[in-house]
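Take a look at the structure set out below.
Letters A, B, C and D mark the chains in the order given here, with residues in each chain numbered from 1 onward.
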Amino acid sequence: MVDLQHIVDDLAERASSATERGRVATYIPQLAQVSPKHFGIAIVTQSGEEIVAGDTNVPFSIQSISKVFALTLALDKDGDGLWRRVGREPSGDPFNSIVQLEYEKGVPRNPFINAGALAVADVILSGQSPAGAVAQTLGFLRHVSGDETLQVDQAVAKSELDHGFRNMAMANFMKAHKNLENRPEDTLWVYVQNCAIAMSCRQLARAGRYLAWDGRIGPGGAPVTSSQRARRINALMLTCGHYDGSGEFAFRVGVPGKSGVGGGILAIVPGHASIACWSPGLNEVGNSLLGTEALEELTRRAGWSVFASNP
Amino acid sequence: MVDLQHIVDDLAERASSATERGRVATYIPQLAQVSPKHFGIAIVTQSGEEIVAGDTNVPFSIQSISKVFALTLALDKDGDGLWRRVGREPSGDPFNSIVQLEYEKGVPRNPFINAGALAVADVILSGQSPAGAVAQTLGFLRHVSGDETLQVDQAVAKSELDHGFRNMAMANFMKAHKNLENRPEDTLWVYVQNCAIAMSCRQLARAGRYLAWDGRIGPGGAPVTSSQRARRINALMLTCGHYDGSGEFAFRVGVPGKSGVGGGILAIVPGHASIACWSPGLNEVGNSLLGTEALEELTRRAGWSVFASNP
Amino acid sequence: MVDLQHIVDDLAERASSATERGRVATYIPQLAQVSPKHFGIAIVTQSGEEIVAGDTNVPFSIQSISKVFALTLALDKDGDGLWRRVGREPSGDPFNSIVQLEYEKGVPRNPFINAGALAVADVILSGQSPAGAVAQTLGFLRHVSGDETLQVDQAVAKSELDHGFRNMAMANFMKAHKNLENRPEDTLWVYVQNCAIAMSCRQLARAGRYLAWDGRIGPGGAPVTSSQRARRINALMLTCGHYDGSGEFAFRVGVPGKSGVGGGILAIVPGHASIACWSPGLNEVGNSLLGTEALEELTRRAGWSVFASNP
Amino acid sequence: MVDLQHIVDDLAERASSATERGRVATYIPQLAQVSPKHFGIAIVTQSGEEIVAGDTNVPFSIQSISKVFALTLALDKDGDGLWRRVGREPSGDPFNSIVQLEYEKGVPRNPFINAGALAVADVILSGQSPAGAVAQTLGFLRHVSGDETLQVDQAVAKSELDHGFRNMAMANFMKAHKNLENRPEDTLWVYVQNCAIAMSCRQLARAGRYLAWDGRIGPGGAPVTSSQRARRINALMLTCGHYDGSGEFAFRVGVPGKSGVGGGILAIVPGHASIACWSPGLNEVGNSLLGTEALEELTRRAGWSVFASNP
């Protein structure tokens, strides 16, 4: 029997002494102020037990991890109509590339690059106010994490909007291709608010449970989405969840995951665990350096892999 | 209990009456002569049982499916040194694109696009003759399939070489970047011979067993490669195994797979099944049209998905 | 002695009966309302004579032709500092491509593609109000054309702003790369106002005189810019003045020229003539179809070419 | 009256003391052995006078300058049919890029990038032996330069062939797109032999006379090609003659020119001069560093520019 507590304690200890910690994202000034010293990991197991180590109660900006939850909402709202507006293929490009958008006439490659997430935000926004759209996403996250205290960090949101020229470029580019229904500035606002939601590792691991258990909040829990939809979101996380490092993550860690530039990673071991890991320093493709390493060691030692005969 | 025989009989029957069958590949003239009417599917289950329907004993050109086996050989020969010469990321490009090679200075994105497979062939070739390299690949396939009758279809090989200007361009381009050790024409010859190996669905499903059971030929069988390596090859199949349709295959079918322009697909359900499916007509990204549809229905009805809590 | 009047009469007559007239630009709705039946041509010769045929007094939207005049202004304001922000090479891309901007980190390839013209507008705008910047460009054009009646067509400007998402994307993208000093919406406003200036062929041919005579308004006329600068602007017109049709224009017409999506073309025969031609229908790369044909025949019959021993 | 001898003496003297001389091309090992100390310039004027300074009798490898002469031959052989196989637009890419070939389906952008010159060589080769094709090009150059001693430098040719994997890649890529009639290895051989022709500045300046005088070898001389064709070749030299530095050359030097990686540049001042300049060190886009500077100063001091009212 694997002793998960022992493993995560090892991981936290090793992380505390790591000298190479990656670089904290600077393009959102507010994020650049976060100390690279943080490290936390939280696991919710099949039995509902929570195994944690490190800074697991410190909220951080979930950033692109919010795209997983927004995608769930948009699919539940719009169904497969969403797929007319965004693809399902890895991009082979950085998260914020606009090149692909031009070659493919304004249709983002997948919902986890920034342009794709703008299309998802646009779906959520249609038919309601920007504030309503954000409240809906936040409400969804409060529901799946079982935590009514979750909030948008408005300092982060403002900082991102003030420096969000590149995302504004993408929103306008998609609007030019008629792939936004709403005003670019409104869609971008919703997107940025969602990204600025703050969560701790513990909260995030809880929020991911429905992906590990076929759409239900834990084994036999309340249904959040269909089992097919949960599986498909996992598939997208595996192929596209780490931008141009997605293949590497699948190769090394072996389970679906989604990273954010705040340094968080949500990893799903279907049937076994929902895991959240956080360390602010990023590697050269924009994913948490220590977080990725910790998850690689965790899955190796726990024997977790969707590619093994006995996952 | 799922009745697999019933499912595959359904699939074969439906395929026999399908009107939209895709288009048989034409860029290798010999392949263009294959009738699009064929359809076959073979499953090797955990118990070793073989469940088949359709043309499961007709040999077809495995083409790019050979890249999976060549990769296994090259990794066993060269270890992780291979990864200095080829990446592990989806390409976001067609199988035969040369654009990425220029942007990334002669390093192919992954071992399953043509350029990556040339690097793999080059590793196998180094230190032996071209004929020896092909004999080694063929010997490996005979071993894992338990079938000493496997052969290269020389008519296909000749046809491919006579029309292989694009692959010759890639080999020369990689040589210009010093990412081939051997002469481009020799490496290309090995690559083409490997692609021209002919196998039936039944033979191919047997050959894939080591990927479904952690590197062993069936549960508890003879070891072929390490369990970690088998998992990692599965990961690459999931993220890169269907060229620019890899995300779609993961989304719809939910298990690792590798396609070939001959119309074959090898699909792996770790711990449960090794599956080979064949129908020569291709969809617009170059993967078997009916084969993909059959695998989607099979995994759905069998409840197989690496993304489910109970795969 | 060449009879220019005879030639232009021929050109106008032929144009009046042409059946293939190209397609009027539709991405600015106001421009789409212009009749494709128009054709006009005006030549100002070395002696100051004006030779005209067709609709030479009908004002049209000069659109990108304004980039030539704005570049002159920006160079006179900022000197060679401008070249830190924009290149001098043909782009090999359509006028509104954003791909190159990403590959080259926000630095447009030349001042005649839209992104480059935004950088030029940004230089003019710095240190003054948007309205002041537009007044300066308009004042410059009134001066060089000797016509105080020139105006911005505000209906066109509004139409372009309402549908200018793509240019807004570029402005934001350049801002993200710190290659705009001012607010993207302000720079875009100046750019759009400049493009919406309305001129007739006669007015435009007069405005181009300083380029044909080394920076002076006609031979021995008032200096507008230095002779070196006038020559260099001609060089840029020749290599970059027709987007991805620049090589073709140089090959067929043989003199520097600048086109606009309103269907106008300004062509310069240094030492001999300033020519304006207008026909609203565009060819597939966005340049006036009949205008280009007329200029090709005119230069051939007049023996004008900067590449001939006796131009 | 400009004293050209005084100018070129100045240029040679300045070049002899220049410390920043660029980098000699290394991708053809034989070229890498040439001393960067060389500098030569030769001008043939309208009166037929030859004004020279520096190493004007030392033969160097003309490399891509041969593309101008090969183009003349191919157009005289095939007429405008050539333009179905190669475009007339600047590429916005380095001389040896293969990216554009893929995006534009095997049709090179212009005859002066390597791929375009392969198409030109293929036209010359069709209907005769490779040796015959080279003899024809050499015969043309002997004719226009009036020098029967011109030869291919076989040591350079062999060195280039031994390291020509990238050009071999392009030839195969074009063959895959059916844009080569002959075997890739044969077309490449002709191309390489043409590039390896050795000429001195004096010989090269003489060879360029037909471009400066409307297709005739000097004013009133023997016709080589039509005046229209000579002008159009000049147009292509101006827009495409310096790869991705063509716009810069037109901007700074102001006349048509063609460079080679051997460090030579042929510059044409229509009606005034044919100029050859040579210095082996290249700038970052692959054109002679000192050669470009010398030509810029020469045209400035001589008042030569195709963009001036009095060229």
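To be clear about the criterion, a contact is a pair of C-beta atoms (placed from the backbone, for glycine too) under 8 Å apart; a residue touches a chain by one contact, two chains touch by 3 or more.
In this text, all values refer to a predicted model and were calculated from it rather than measured experimentally.
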Copy pair chain A, chain C: interface residue numbering same or different (half cut): same
Far-end chain from chain B, centres as C-alpha averages: C
Chain centre separation in whole Å, for chain D relative to chain A (CA means): 55
Averaged-CA centre spacing for the pair chain D and chain B, given as whole angstrom: 47
Contacts with 2+ other chains: residues of chain D: none
Interchain contacts, given as pairs of chains that touch: A-B, A-C, B-D, C-D
Chain A-facing residues of chain C, complex: 97-99, 101-103, 165-166, 168-173, 175-176, 184
List of chain B residues in touch with chain A within their complex: 87-93, 100, 109-110, 212-214, 219, 227, 230-232, 234-236, 238-240, 244-248, 250-251, 254, 256, 270-271, 305-311
